[in-house]
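For reference, the structure discussed in these notes is given below.
For reference, chains read A, B, C, D and E in written order, and residue numbers begin at 1 within each chain.
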């Protein structure tokens, strides 16, 4: 974990105050600033600003429909920001196509529909590495070692996996590219407690290898537990941000958003 | 004619159907719609080859009764069909924002446009390639097989194309990417697959095979602006029979449908050809019902295997 | 047209595409009207076109209640149309090889009954198949029906077709002699271009009357069905059959009902066709009709009854309207030009109105449940084009409720129709 | 829930199933009151045995938890019970009727409804409409009724609509009522799925991970909803990986591992069972 | 608003139908309408043709003949006015044909309708559009036997019955007592075959229809071969027949071929191998080809289109000629008036004329319709009481892969 954690208390974001962490955003690997975005004519994100520093794990939490997934989709080029910018290492990647963003070094694990059902496990992993230059076989072997749950089923169609197995596969598929930044949408959803623990451990492990991680989680205790910082999203904008402890200890935040 | 003879005829006809059905099936699964312009894409291939062959002539030697020039024309036919399909994708389909049935309807419009343009340019009447027709291969006649060397060329070329495609799908990443795309296009993009490129390749392959099918159809029979359209229904039956989205299913389906179509006359004399059935036995059904029989068999197969011969998603 | 048969005619709450369509329709009607008065459009021909449009509207209704409601991909439209047409013709025509000479009402009943039986027969094997497979299976079975009609001469007269068909109102009091009884009229609105209204005109008006009756009744039935729980189950099946099954719906039965209903409507169109054209042949079962009806439904907007009505009109306009383009001299062979134009028009409409011209816009809930207070249901702004500001308003309003008012009876005001 | 809807449910139930039908609880005491019985159920896919001689009972009026590692076969059991899969062996009894091999809709007619682990999207409907698919045996689902007794149809539709809106409000998604049912977030879809199943008012409701991906604050409220419905007589079977949620709500809990029942008992017993900790809970729980 | 004269309602019906046309209610001789200076406007007549669809190849041939005919007519003019032909597409289908005819009759108000190609479509148009009006319908290509039952429906091509009789005699004369028949599965093929079967005394070893536009007829060919008959009769269209010939050739089957009119054509010769049909005999309705008018037509045609005319072009050509003469001979440009003249201008009475110019001259010189007997390029064009022309048939034999006339038969 990185040690440049921000203010010890949760910060309330008001639309008219400048972000407290403006300075940090400069050397962030990924920074969204003033982003409006949405689906068709429906606006979801409203002047949203957040950033991810090198080596960090940042957790996005918030009610259902707050726009967490939308943040990830916008950052990953699935949606084009209407206004504002998405910067990766200081370069604007807003509106770049996902297949190109992958090649820049960002990985993404969607919340649903995140495996190729009609392909085998092996093929799913290979598909994860289409943009790789080489070393595919080695990476895949490493991943099998790390996730024995899918190792057993290499030749099985992903459609036959149980919900939890699927989640692991989706995670592994994104890792094939050994990305610099990983965007994960609810990695623990549907996982057995022990498997969820494993996944969180894996997230940390991946993070230790210098991958910055932006993660959406509803399992707030565990999610924030491994994070360096957290953002609370509501109605498409950041309501609170701070260290995990600060967020978890804040009475209001905890009541409204964290099930406390 | 003997059973062998009917089978041989069936094989020739199937080869053409197979070329059409593979392309249709590929496009079906990757571009995600039933392309009603596929038959007319075949027509485009055939007429492009006609023009080319008319321009270059025989070019000296010949293989299997076909002058070299014809093979050049075949390649041009394939290329033009592919280029037209890619152009249509870029100009029409890609900018569209609609579901698969909307694409299907659009493709009906496209089919009309293709056909109209060909008719404007070449007229409505039929024509043939200027290739000297052949008599049946002598030494096969005693076996009741009456095929020409052209027929052999059709089967051989189709086999080469099909095997080539098989290699392409099996031993290159493209095939896997195609299947990934057919499965979940969004996730494919997320994984870094350049889906537009894959789609273009799909069109190139699918339309190219259709073009080849069209050229062979012209060689086998004749060219007319409606030639491909007239075959479309049968090709669809083949694709469905094989299992939508399955290339190998489409091959099997095309083969079966082609065979059934040619074997219909045997139905009324089942007794003579089947060992255990009494001689006089037969299903008294006229050849005018040949297509109907193919469709009924198709529906019957679907009842037993609701996802087609190859089953769902298999490739 | 759409507002002629739509008795409610709620002009007040139109969405943008509806207003657009209404505008264009009104303009188009005015144009036709002026052309009629000026003598540029033959009234009898116009009525023929209206009849044709009505027939296509009926066919589109039928397909819409299969595809638009339930997602059944039926490519045997022409077969059901043909069965209706042949049923009516075989009963009424004097050249019929099996019966003939019956009252057209008998033909109507027979046509519909045969279509019913055929629908059940085709439905039993195919409705268990996946949607795409149903498509081609129905296409194949349609071909079988066509071949039977073509080849079984003892039953259908084969390729010679059936003629000597009476008008639908033959044998009715007043109406059967109406065209002859009406005096010939001569109207001269624009000097020098008189309009004549004589027997063929009155005959055509009767046909229009008939098709308006058929289409109006069908529209009424479908609109009610579409907004009902019955229709909702169909729409659920369309989108996720497993879900419907899990919720205890007998999906096979619902699919069959929808298939049969649609097929009956198509056959009704066929019955009308018989009495419109007075001649039926095996060529009328050609699959091309199926394609045109599909185009009509998609152009109109899948799942929308008004869309189907409109699509039927549009397809006749495209098909018959393009004939007038031949009047302008063009340097190339005119023959395939119309085909080309039809193709281009189809592509253009799909390009610029991809969801169809009148896609379903409103929530479909039984009327008395949503507008019990008598107010018409307003368009569910959320369904297609939710305004950004509305959305945010609702959401922030709700956020307040969420934090202040846990019991949740507050938020109701914002979005409900009452 | 509305009385009229309840009445309809009862009527058909008693018509088809055994004499104890109907949602009244406690009529018969003891073990016989198993509303759902899974007996020696087996299912394999190719070489893989997903359900391996699974046997357990669900008592009327309980909330039974079904937990187990990923891939243990929980969802498969749901599919077997609800008729989506045909078992290779064994029987499923609902309300005393052997429903093995029945079509899903027939099972539902016997009072058992399930939700799906991956939420189902309903295209072309608003959330409110998507909810209204839930109630079973609506008079308006008969084509003839639409024309012969439109009044009845309207009444039941109004009642259902009111129910639907109330549940949506309870679930805090009433602001979505007129949104297209496809254009909502992943968690919201789960909520709609759950809300709709509740609207069906079955006697037995199988929930497959109802709160996976649901915000914890809201999950807490859902717990209250489920409990309330349970008190009114609905029996629940609950698959869930959120331990806090299941342990709080369910009693007894059945633990599944590799297709068969590992153990069953009270939350406390299960939680401290070494085998369960080992196979499922892990150190962190 | 006024009520049209009830007194002669039947007479007015026709003019009412074409009311929106510019010549609707003229009551004098053509040219002096109440709407004024119509005398310079062209006479508009209509044609329903198979421009697209399965018979579009016929449509194309027709259009060539039509164009040529219009040139000839308009070089001379009719009462100093041009003749204009509005062509509508039937798509080779009933529905399309009826819609096309509706437009021509009720919108454009043509009193004279040429149409259609397929016998079924011609009948459909007659039944649903023309029947109760005064409009003259003259089919360019339909040879189906049923048309004979509709005297109001004229046609330029002779009924297939004469052909069928001729074929039966011919095959019999050639010494065959067994024949295998295949026919195209539509009204044309079926009715001709029925008539043949009626007239044929020998055995029929095989008699089956085939669908149009199939990609392969090898099943049909092999069954014919299997049947053992040495004489094979084809009642089908050029494209289908060419396919069959090619398939028979590449399968190595040998038989004596016979064919009805529609199997002949340059395109068949061009698209079948040398020697594949030698000895085949075909019965076609025809003008005596040695006649001068035919030869001029043929050479004009060749100059224009670079190929020999087919009988279909000739029929269409004569349709236009006949219409033009009927118009010139009629008192007024109405259906009723044209009904009076259409048969007579080419009927046997009167002075024979082989060109439009000559015929037109006779009329211009004050001759009545009975004073002229137009001799068409497709035959003498004498309609009998059923509206069928009295046909002349020619027997063609394929020699050295070319058609040679080997005899004439009078209908």
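In this text, contacts are C-beta pairs under 8 Å (C-beta built on N, C-alpha and C of every residue); 3 or more make two chains touch, one makes a residue touch a chain.
Chain identities (UniProt): A = ABC transporter; B, C = Inner-membrane translocator; D = Probable branched-chain amino acid transport ATP-binding protein LivG.
As the structure is a prediction and not an experimental result, all values here were calculated from the model.
> Taking each chain's centre as the average of its Cα atoms, which chain lies closest to the overall Cα centroid?
Of all chains shown, the one whose C-alpha centroid lies nearest the global centroid is C.
> Could you pull out the chain whose C-alpha mean position is farthest off from that of chain A?
Chain E.
> State the pair with the higher C-beta contact count; candidates are A-D and C-D.
Per the contact counts, C-D leads.
> Based only on mean CA positions, could you tell me how far chain C sits from chain D in angstrom?
41
> How many angstrom lie between the CA centroids of chain A and chain C, rounded to a whole number?
About 49 Å separates the centre of chain A from that of chain C.
> Taking each residue of chain B in turn, which ones touch at least two of the other chains?
Each of 116, 119, 124, 225, 286, 288, 291 in chain B touches at least two other chains.
> Please set out, as single numbers or ranges, the residues of chain E touching at least two other chains.
52, 56, 59-60, 185, 209
> I need the residues of chain A touching at least two other chains; which ones are they?
Residues 42, 63, 256 of chain A touch two or more partner chains.
> Per the contact definition, I'd like the list of chain B residues that touch chain A in the complex.
Where chain B meets chain A, its residues are 173, 176-177, 179-180, 182-184, 186-195, 312-313.
> Which stretch or stretches of chain C touch chain E in the complex?
39-42, 44-45, 48, 52, 150-151, 153, 158-161, 163-165, 183-188, 192-201, 276-281, 283-284, 286, 288-289, 319-320, 323, 326-327, 334-336, 338-339
> For chain B, which residues count as touching chain E in their complex?
1, 5-6, 9, 13, 16, 116, 119, 123-128, 132-136, 141, 146-148, 150-151, 217, 220-222, 224-227, 230-231, 261-262, 264-265, 286-288, 290-291
> Which of the residues in chain D end up touching chain C in this complex?
Within the complex, chain D contacts chain C at residues 82-84, 103-105, 108-109, 113-116, 120-126, 128-129, 132-134, 136-143, 146-147, 150, 153-154, 156-158, 160-161, 165, 169-170, 172, 174-175, 177-180, 196-197, 200.
> Mind listing the chain C positions that touch chain B in their complex?
Interface residues on chain C, with respect to chain B: 67, 73, 125-126, 128-130, 132-133, 135-137, 139-141, 143-144, 147-148, 150-151, 287, 291, 294-295, 298-299, 302, 332-333, 335-337, 339-340, 342-347, 350-351, 354-355.
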